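Got a structure here, written out as structure tokens. Questions coming.
When the chains are written out, they are named A, B, C, D and E in that same order, and each has its own residue count from 1.
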Amino acid sequence: MPFLRKGKGILLAYDQGLEHGTSKDFNDKSVDPDYILEIAEKGKFTGVIFQKGVAEKYYKGKIPLIIKVNGKTSLPKGEPIASQICSVKQAKALGAKAVGYTIYLGSAHENLMLHEFGRIQQEAHEMGLAAIAWIYPRGESVVNDTAPEIVAYAARAGLEAGADAVKIKYTGDSNSFRWAVRSAGAVKVFMSGGPKAPTDEAFLTQVKGVMDAGATGLAVGRNVWQHERPLEMAAALREVIMNGQTVETALKKFTR
Amino acid sequence: MPFLRKGKGILLAYDQGLEHGTSKDFNDKSVDPDYILEIAEKGKFTGVIFQKGVAEKYYKGKIPLIIKVNGKTSLPKGEPIASQICSVKQAKALGAKAVGYTIYLGSAHENLMLHEFGRIQQEAHEMGLAAIAWIYPRGESVVNDTAPEIVAYAARAGLEAGADAVKIKYTGDSNSFRWAVRSAGAVKVFMSGGPKAPTDEAFLTQVKGVMDAGATGLAVGRNVWQHERPLEMAAALREVIMNGQTVETALKKFTR
Amino acid sequence: MPFLRKGKGILLAYDQGLEHGTSKDFNDKSVDPDYILEIAEKGKFTGVIFQKGVAEKYYKGKIPLIIKVNGKTSLPKGEPIASQICSVKQAKALGAKAVGYTIYLGSAHENLMLHEFGRIQQEAHEMGLAAIAWIYPRGESVVNDTAPEIVAYAARAGLEAGADAVKIKYTGDSNSFRWAVRSAGAVKVFMSGGPKAPTDEAFLTQVKGVMDAGATGLAVGRNVWQHERPLEMAAALREVIMNGQTVETALKKFTR
Amino acid sequence: MPFLRKGKGILLAYDQGLEHGTSKDFNDKSVDPDYILEIAEKGKFTGVIFQKGVAEKYYKGKIPLIIKVNGKTSLPKGEPIASQICSVKQAKALGAKAVGYTIYLGSAHENLMLHEFGRIQQEAHEMGLAAIAWIYPRGESVVNDTAPEIVAYAARAGLEAGADAVKIKYTGDSNSFRWAVRSAGAVKVFMSGGPKAPTDEAFLTQVKGVMDAGATGLAVGRNVWQHERPLEMAAALREVIMNGQTVETALKKFTR
Amino acid sequence: MPFLRKGKGILLAYDQGLEHGTSKDFNDKSVDPDYILEIAEKGKFTGVIFQKGVAEKYYKGKIPLIIKVNGKTSLPKGEPIASQICSVKQAKALGAKAVGYTIYLGSAHENLMLHEFGRIQQEAHEMGLAAIAWIYPRGESVVNDTAPEIVAYAARAGLEAGADAVKIKYTGDSNSFRWAVRSAGAVKVFMSGGPKAPTDEAFLTQVKGVMDAGATGLAVGRNVWQHERPLEMAAALREVIMNGQTVETALKKFTR
């Protein structure tokens, strides 16, 4: 897959503008897609994740592009649903190597998203693109979206529905996350970075746990571009993900 | 039909990862589709049932493939609905000889599933595939989904809607199941294996009752791949289903 | 129209397996579509009405075929809706001379059915098939579905929406049914046979009232194939419908 | 526009069979479409309005035909919606010069009807047909559907959405209706005839008020074909609409 | 973009007839699209915004045309939704250089509008038209639609979804609006004019604040064509928007 390097991947996610708004997640630097592209390039990320509008206006072709083809804002209440905004054809025309799609597993609208992802996955494969599923259990019927059995369910739903890779939340410990990776089978597993962790060590320890569990890598946004030293964080992540180093070794990237 | 042998069929079902999750149904062995394919082959099953993702990544062409083209998780509450995830065209491209589709009869969304199955059945027949209907009465209006008249209704709905085969629950006794088989008319009837039975004898007795009622066979998952000796169970099932042997004879497969 | 003889029609309806289930309406003989086809042929019916699955597996071409292209079970509660299961193209390929479609007039989903029927009617006419509308006022807003003004409304809705024939319920007396026939204008009116009548005389008297009101004929199921002497009932119906005989004369068919 | 004469129009509307049923609006004569066609021809109407079924079975080509392409019965409760029953292509094939479509402005389903009308309008124009919008504010959010500002809103919505002509209710006085005509701009305004007026003078006075306000004409049904002397009423309407005569002059048509 | 001049834009918006009705916003002059076209031309606006019906019947090609392709009335209660009324193909045929589409961010139907805009944006770009998004946070979940973080969210959603320009509400001060402009990135930002301001100075001060924040311009309706001296207001707006003049200088346009 074109967004992996030596079978591992560190994807820089940047669709938070749609998902959370700009005032919550961005500052004057991170609000600018060019700043993110610079980090992606200098930080040697294996891919960058944009909605189609950002791709159309900013992407310059240096990093493998993943277009997130559905999305929603954080505003509506009720059972979550995100519908297709970008066609696979348009994603390809914008240079994408893969499409990303969020399925809110357990939502009352789950069937619409499984259906839409199914069609998108077929189109993507027919056009030579990979299909990545963000699988987030959510809705009234989901009590705890990081419970090990729920995360494993999410991973497996990705395999069953035809995803080439899944982006799922961390369970909190490597052992239980291993079962999620095992449930995903031949599907590449990426941990969803989530909100900024309290310390670098805390975040890298999570990532280490994910990799120890057999995952392929990480899709990360806020923990990199909200960081004061994003390139050092990128380097540290590469140590853990690409080079299989310890957290201790990785943390040295910040001491230079 | 390519998933029958001598007019009988034993199908190995393996879409539980999507329907129930991995933590409830699988262990470290059964979570692996390769393990299931090995059982299917060595156990001489007449077909294997996968969602498209599992087929795409694991299927190697040795056993007739049935792709389940819709599905849902067990998470959402409310009236059940499962929508199409895999197109008939894609199922065929993946090597399927038949497509499977679940209709939740009695659901408030029944009409959407009857409509979608109707279209899929036409496409399947135009492309030379069989169409199998999983017909599960479910929803607020269904009190008892194994009541003889409800199971017979399910079987008949399969005939009316154009299914070539139906997968239905057992009524609990051979005599009442005979009416379901009779209601299905020219449609092949498969019993849905259901959760692991308390004893081998109990399960084989069910299967014997089903075959005595005139059914074509069994679609079984958990009672095989959750079994400590899956190949012996497969052999025992062949005795009952293919060879018309008694439960007593079949049980000898476990004593070797 | 190919399902009329001398301008009159007696259609043998057999979609009750989907609409009501098999346990309520069928016995061991009537559950078998071949039994119904035999009655249709020997009883000289002018047409037989099947869902596509029954047509596909049983129809042998001897009697003009009408395929019911939508349908529902009796299980779901709430406002009634039946969606298309069989395409017009497929109905034609299966040998149908006409398609039948149920519109639940007054249902909260009335607009979806009027819309779908409208499209089906156009396709049918373009392919040389007749379009028959089953028009059943039903739903929370319908108090009495056999009130004369409601039955006349149903008949008229069939004319307005483009039906070539309508199947409607009897109002209970010939005089008020005449207004329904008049409301249907150039559209052929068939009485819906309904559940088994208490006596042959009672049923034939209804049919006589329908024909006296100017109707084209009858679509009948249970009053024929639940009858102990279905061919005699068929002969009696022919007397009333085709030959314009009295109920008294028709009843002599049973005394032979 | 082919349904105008000297820039004015008197359209004979006859879709009440679907909208209201036959028992409420029709008698033994007016239930017959041939009777209406005779009135349309002898009464020199500039157009006749039918649903597709009536057009298909009765229309003989002598009067410009407008096919109403959506419709509903009066039975369902809840927010009003009427969906497309006849395609523009089919309307044209049946000889229509224009299509008519009802939009229930203010309904919770308003968006579906504005969307459907938008597509129909484009198709109509591409095929050389005019598009007429029946714009009826209705639903829980509409308190008074003949309030001047609501009628003007309806007229304007017709202009904005691309109608060539609108059919709207009378506000009750010529002065306030002038604002509705003005709001419609280049769109031809037809008053909707409504239920039978208490006296001929009352009805003609309404029509006079409408014409004085600058309208193009009238779409009338019940006030003509429920009239004992429909041709005299037609003649009287022509006096007011075509010849600009007073109500007094027009009423003389009844004294001959 | 063809609706800019020297990189700035003043668009004359005139879809209020559909959005608000004619009685609330228009007088006898402003109800007439020709009056608006005259203002647009003489006032040197860089574009005019019409629904398709107004464009079809009034547009004469002198000013760049933007067709608003969805819309709704102010009548329905409940979560807001506006669906497509004009196709991109039709907009282009009518001479449009851009299409406009409203997304009610935060509405329970947000996903339908994001999806529809996504498709329209692709079609527009394929046909060489720009896609402008009116992004209005609205619905039960939106407390304050001019709060800075909500306006910035709206601007960003436009960027993410692929808009070339967004029309958003003013936050009330230039400083907080700057963040919205920054959030929009490469997307052109137009302030939505809104209802008639109490004084010319008040309105021009708003516009000045918008331009100081880095916006591209203004889409204005009521503040121009409800003005007694619309051409003077247009001239004053040009001073502020095109020439970067102060409010004081701009106000001199009214003193001539």
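Just so we're on the same page, a residue touches a chain if its C-beta (ideal position, glycine included) is under 8 Å from a C-beta of that chain, and two chains touch if they have at least 3 such contacts.
Because the structure is a prediction, the values reported are computed rather than measured.
> Return the chains shared as contacts by chain B and chain C, ordered by label.
Touches both chain B and chain C: nothing.
> For the homomeric pair chain A and chain B, should the interface be classed as same or different, according to whether the shared residue numbers exceed half of all numbers used?
Answer different: the two copies use largely distinct residue numbers here.
> Any idea how many Å lie between the Cα centroids of chain B and chain D?
One centre to the other, that is 57 Å.
> If you average the CA atoms of chain A and of chain E, how far apart do the two points sit, in angstrom?
Taking the mean C-alpha position of each chain, the two centres sit 35 Å apart.
> For chain B, what residues touch not just one other chain but two or more?
Not one residue of chain B touches more than one other chain, so the list is empty.
> Chain contact topology under the given definition, line, ring, star, complete or other?
Here the contact pattern is a ring, one closed loop where every chain has two partners.
> If we trace the ring from chain C over to chain D and keep going, which chains do we hit, in order?
Following the touches around from chain C to chain D and onward: C, D, E, A, B.
> Spell out the residues on chain E that touch chain A in their complex, using ranges where they run on.
Residues of chain E touching chain A: 105-108, 110-112, 114-115, 117-119, 122, 137, 139-142, 148-150, 152-153, 155-163, 179, 182-183, 185-187.
> Name, in rising order, each residue of chain C that touches chain B in their complex.
Touch list, chain C to chain B: 15, 17-18, 21-24, 26, 28, 31-33, 51-54, 56-58, 71-73, 75-78, 81-87, 89-90.
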